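Before any comments, here is the structure.
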Amino acid sequence: MKYADEYRDKELAIGLARAIHAKADPARAYRFMEFCGGHTHAIARYGLEDMLPANVRMIHGPGCPVCVLPAGRIDMAIALAERPEVTLCVYGDLMRVPGSRGASLLKAKARGADIRMVYSTLDAIALAEQNPSRQIVFFAIGFETTTPPTAVMIRAAEKKRLSNFSVFCNHVLTPPAMRAILDSETPIEIDGFVGPAHVSTVIGTEPYAPFARDDGKPVVIAGFEPLDMMQAILMLIEQVNDGRHEVENQYRRAVTGSGNQRAIREVAEIFELRDQFEWRGLGSIPASALKLRPEFAHLDAEQRFVMAELVVADNPACECPAILRGLKKPVDCKLFGTACTPETPIGSCMVSSEGACAAHWTYGRFRDHQRRLAS
Amino acid sequence: MKYADEYRDKELAIGLARAIHAKADPARAYRFMEFCGGHTHAIARYGLEDMLPANVRMIHGPGCPVCVLPAGRIDMAIALAERPEVTLCVYGDLMRVPGSRGASLLKAKARGADIRMVYSTLDAIALAEQNPSRQIVFFAIGFETTTPPTAVMIRAAEKKRLSNFSVFCNHVLTPPAMRAILDSETPIEIDGFVGPAHVSTVIGTEPYAPFARDDGKPVVIAGFEPLDMMQAILMLIEQVNDGRHEVENQYRRAVTGSGNQRAIREVAEIFELRDQFEWRGLGSIPASALKLRPEFAHLDAEQRFVMAELVVADNPACECPAILRGLKKPVDCKLFGTACTPETPIGSCMVSSEGACAAHWTYGRFRDHQRRLAS
Amino acid sequence: MCLAIPAEVIKLLPDDMAIVSIDGVSKEVSVALIEEIAIGDYVILHVGHALTKIDPEEARETLDLLRQMGAAVAEVAP
Amino acid sequence: MCLAIPAEVIKLLPDDMAIVSIDGVSKEVSVALIEEIAIGDYVILHVGHALTKIDPEEARETLDLLRQMGAAVAEVAP
Amino acid sequence: MSMHQRRLDLKNGCVDLSHGAGGRAMAQLIAGLFHEAFGNEWLARGNDQSAFDVAAGRMVMTTDGYVVSPLFFPGGNIGSLAVHGTVNDIAMAGARPLYLSASFIIEEGFAFADLKRIADAMGEAARAAGIAIITGDTKVVERGKADGVFISTAGVGVLPEGLDLSADKARPGDRVLLSGSLGDHGVAIMSKRQNLTFDTEIVSDSASLHDLVADMVAAGGQGIRLMRDPTRGGLAATMNEIAQQSNLGFRLLEEAIPVKPAVAAACELLGLDPLHVANEGKLVAVVAPEVADAVLAAMTRHPLGRDAADIGEAVADDHRFVQMATSFGGGRIVDWLSGEQLPRIC
Amino acid sequence: MSMHQRRLDLKNGCVDLSHGAGGRAMAQLIAGLFHEAFGNEWLARGNDQSAFDVAAGRMVMTTDGYVVSPLFFPGGNIGSLAVHGTVNDIAMAGARPLYLSASFIIEEGFAFADLKRIADAMGEAARAAGIAIITGDTKVVERGKADGVFISTAGVGVLPEGLDLSADKARPGDRVLLSGSLGDHGVAIMSKRQNLTFDTEIVSDSASLHDLVADMVAAGGQGIRLMRDPTRGGLAATMNEIAQQSNLGFRLLEEAIPVKPAVAAACELLGLDPLHVANEGKLVAVVAPEVADAVLAAMTRHPLGRDAADIGEAVADDHRFVQMATSFGGGRIVDWLSGEQLPRIC
């Protein structure tokens, strides 16, 4: 796969690993948060942890839009899907996300709700055209990456004058989440950020400037291939070593400073900021999510179906808030691997395979065991 | 089963058989038409033919409302059931009745039409109540026996103000069919009629008076148990022997002269005569069927769905017209048992197990074989 | 045609409904078409509706007649 | 997050659609979000939509840089 | 398996698509519900097949799919039926059943509690028959793509030496033995069908017949030509099948055929013929006239053959008619059921 | 059977409820379509079970239900799959498959033409494997209560003397051999799923593996600990199952595991791991290190094992982790698939 395989090269990885070992100052610890689940996945999938020095620790951030979707929004979607006239279209990742009391879309589907997995927003449009007597609702989730496809779909629905189509909007924004982590009450222990890859293809690198400038945190935008990650880590180490805190762009082949202007324009024309939005594991964050503009109210499922806002408290035993701030690790949670597993996730970090806890469970667990054996 | 088992007694049958043999004049032939499929069924089911003298021959009449329903009405029902919003409720017997070109409700159901078998008209009402978003149509068929239950259902639909319910009315009348047989162009060879049992519980014996009085044909109303049949045959033989032609009532335990007045009144208030109606095997017969009165037009499926009248010619090779007039027997038809079997019925006489051809196929075939062996 | 069987009324229900029994099988049916109905009556049951009551006197007489007709011949026949 | 892969545009279709190819797999996708698209372009594909074009120059430079970074240490390291 | 999972919520839980996806949820369902219910050493090994020792000789194999609706009915459920039915098809060869396999196709949303009742009934029926369900499979399909649960069982058994029962072996003069009253299963099922509901004391006759068969084989040996269980299509279908395959006819005696009054009444109510109604614990045997009395005596001594009767004989007939002398005194043909078994109005 | 019926309209006809009711229509469907396609002496006898001779020894039995959607896919259809899959579960014991049974559950409205294609594919696959489908069953359910057709096959086979493969027999130090590239079946199926449609040259690997297995057994004998076909849940599920049952861990080498580029690409597109994707013509064997080379050589000589590879080893591990050294140079766990295999966006 061109533009992917080259960045998975083992020989180059060995070189980069050597460079990281050489550059990392053994006298200090480097704690970098990779914001994105895509980065988390790359770390786990390719076993990057094995190639980093012990004093370079990666902290898995909240960067999976599925994981951060709170139980209340899942409950709302289930209630919507249970309406007899509604067919709810969802991305497959959402099916197992827990609502309150063990509920999930997968279970709601099993119990009779009409829920369809779609691959693309365009599939939802096709479904609405094919089923004029049903109300097709698209469960829109995702960061800045996934919002433009929703915008394209809304334009198509308008053009086709679909009266049986609407959107349950849950799009969220990455910079406010980074801000929330940095502004956390308990001081966080993060020396720099691996910045989003595909979010940045849309919004560019500029929105991260404040974190470097105002918070003094180095940020390196990085692709999702393992060499991208390693190069970004090396760049972060160099910034730390140099005492710099800048926004750098490792993922230059796909990310520019100002992003995809067409996509940004489309999104701005269709969506506007919500005052507040609840994030699983992070709590309520101001101006961190989007809703449809009043001009598109007729396509807004929350209005069409007068959906009541549901808020469900996170499980207090879940350590996600601390894990997402770099203060704890999955194994520090007493529910990890017992009550909380990928089959029965409790907190945001276990929900998708890219959550910190799920990634550790799925790919990394054996290292705890190895460490225990070693000690 | 009280009021049934007593009339199935073998000892009494032997006595009656003796009496019939004794009374039947060996010098002449007695050709009686049992109008009803119920009688045909009793003859076949209990093997009555074996107990009658060779010169007493029973001719199976058109008295099965399923058999006489023409292919065009089945086609109309199929077209109705194929409408996406319609659920068609039918009595089980209708499922295999052939429409044109091999079509049937069973096959239409297999191909996706929503067709439900019901046991009673009340089931159709329940279905309409349970499925407010679907159009429930009851495929009403039957002679005078089955019309009052349809009337009860229509009253219930009115009372419950069911807006998603209607009736595809195919109720037909027995006296006009008897009239059509008697007025047939080719002279018929029938010496008397075993008159309807359950039709007569509703309409009484009076409507048969003209056939005795004007046509000189003895009529004996008889129950459907085998002893009822044998007694009626004996009574017919006696009338013939005596040169009488009267309406006699063998089925006095359930039939009176004037019938069930309440049922007659209900039917009269809801239904009115059609000018003409097509009978499979008999052709178009004037004033032989019912439709809803204008006051009930809103419950008439033919009006609600603007159903086009479909007329399909009977297969010209089918000998039903002659068989129903007593002129031929099933084995005289060259399609019998080859192209035409109960699995693939072509004419009305093969459609239900009570048709002349089906009854002979199902229960009596072996006698042809025996006769062939004997000769 | 018109499959119908004798059934005994064993319970009256509201809305012109009743429970009938046939040799250990019972079923809820409509008696809306019958003028006056009482427990113990036998009715002719067709597609879930009672069509008419059975007259026990007439039933007995028919049976008697049947017996006589058969017996008469038995006596005269050789 | 945001599963997305590089794909080559092999055919342009009406209504802002295109066929892309990934190592012997081809799929119809939307290119409505891309300003100017041509056959042979590589795009980043996400939920059936092309999000951005890949800049082949930058891609090559990044790889060169990666090589240099590894090689540099290899030379200096013992 | 220790797999860090929450226990199956057997009370309120239900099957979802993950239980068919080959992951941990499926492994848990199989271990926690099916192995639990069927409990035997073969399943415990957790392989995709099971092995067993055989002696030299002749074996039989059969399969049936079970799609009964409703799933639970008076006298049993789809699980007990799926064991009895397949055991019986083995037994009808005169064979002793040994092992069953079970393939489940489950609709998402199906309650664990119902699935457990079904699996428990299977386990119980298997133990009662002295056999084991040694291998199985579980699939889950989307809602609306099944009807609760379908079960296909297959079975193997061993034949006593020298026994070769087959439907082509009837000879004119053979007697037809029926093990008991007709129509109980079909009537019990229909009494619970939507839109048909009636009340009756009749329960399904569903039962494993191999033990009765063993007694019959002991009594009749190679004088038994064939046995068959009159399931779908009833006695009528069975006799016609045999007539076709043996190229002869039958003469049955209606008077000799046991039918319970309530079954007869339900059939009159629905316009059905008891000879067309399904049975799940009855068998028909065609036997040489010399052994008929001995086999019948063995049948009536067995609890499942208490009401057994000699119901007629095989006759030479190129037309392969199944005829019946009616209890009224006449004769008729007993034909296959035409089309589906539908309640009739006329 | 001469039953005075119109011929089945194999071109335009379809199954209706009468074809499952035990009457003449059913008999005709079975004779005209299934017997025709499977054509063998056992079915011709028309019994509800079939008999065969066995020698003293050890046999295996297995069953699987097939609910694949779409029914027809690149490289096969549900019929060929229903033979291959069950043959393979027999073969995974090291056994030689002998006989299959087939239970069909058909949705009314299913086209005869499609049913015939499926039955023909089954017959062909069975003949190619040198086995016979000797007994079967057909049920028809109402529209909306199935998904076209479901097939459950069961099979029996004979074990070579002394062979006892079982998933609890892996020992630390054993080698893991994989017979070919992963994910072809699952990707071929997914490429035709509604809402997922993509184009690829990939066809299902569906195939009967017993012949390959015989060669392996000849080469490795009792040095073969166990074999398993990585179907639902893919290689990941299979290795974890074995780890659980043998109470040990595995270390696999990602570099050694063959995955076709188009399969890898499709997996990237859908966010799936090729190790979780189903295969229907591949096997994993865990073998003693002494015989590993000989068995692998036998595999690569067989057309169905051309791309066979030694992909890792069993290791002592109380945690039963399946670990993998990634081709990038790091290490990871290979876990079961969680929940259902869903395309992902992230």
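By letter and in written order, the chains are A, B, C, D, E and F; residue numbering begins at 1 in each of them.
Assume a contact is a pair of C-beta atoms (placed from the backbone, for glycine too) under 8 Å apart; a residue touches a chain by one contact, two chains touch by 3 or more.
Note that the structure is predicted; figures quoted are calculated from it, not measured.
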Intersection of the contact lists for subunit A and subunit C: E
Leading chain pair when contacts are tallied as C-beta pairs: E-F
Whole-Å separation of chain centres (CA-atom averages), subunit A against subunit B: 71
Subunit B-subunit E separation of Cα centroids, rounded to whole Å: 37
Separation of mean Cα positions, subunit C and subunit B [Å, integer]: 21
CA centroid of subunit D to CA centroid of subunit E, Å: 62
Contacts with two or more other chains, residues of subunit C listed in rising order: 1-3, 5, 22-23, 46-47
Residue numbers of subunit A (touch at least two other chains): 1, 4, 14, 37-38, 64-65, 91, 96, 106, 119, 123, 142, 146, 343, 354
Of all residues in subunit E, the ones touching two or more other chains: 17-18, 23-25, 261, 264-265, 268, 271, 338-340, 344-346
Touching chain combinations (by label order): A-D, A-E, A-F, B-C, B-E, B-F, C-E, D-F, E-F
Parts of subunit E lying in touch with subunit F, wherever the complex brings them together: 1, 3, 17-18, 20-27, 45-67, 89-90, 92-93, 95, 99, 101-105, 134-139, 141-142, 144-147, 150, 152, 154, 156, 159, 164, 166-168, 228-229, 231-234, 237, 241, 244-245, 278, 336-341
Residues of subunit B touching subunit E in the complex: 1, 4, 8, 10, 13-14, 17, 37-38, 44-51, 64-66, 91-93, 95-96, 106, 116-119, 123, 142, 146, 226, 342-343, 352-354, 361-367, 369
Subunit F residues within the subunit B interface of the complex: 4-6, 14-18, 23-25, 108-109, 142-143
Subunit F residues within the subunit A interface of the complex: 195-196, 261, 264-265, 268, 270-271, 319, 321, 323, 325-333, 335, 338-340, 342-346
Subunit D to subunit F touching residues, read off their complex: 1-3, 5, 22-27, 45-47
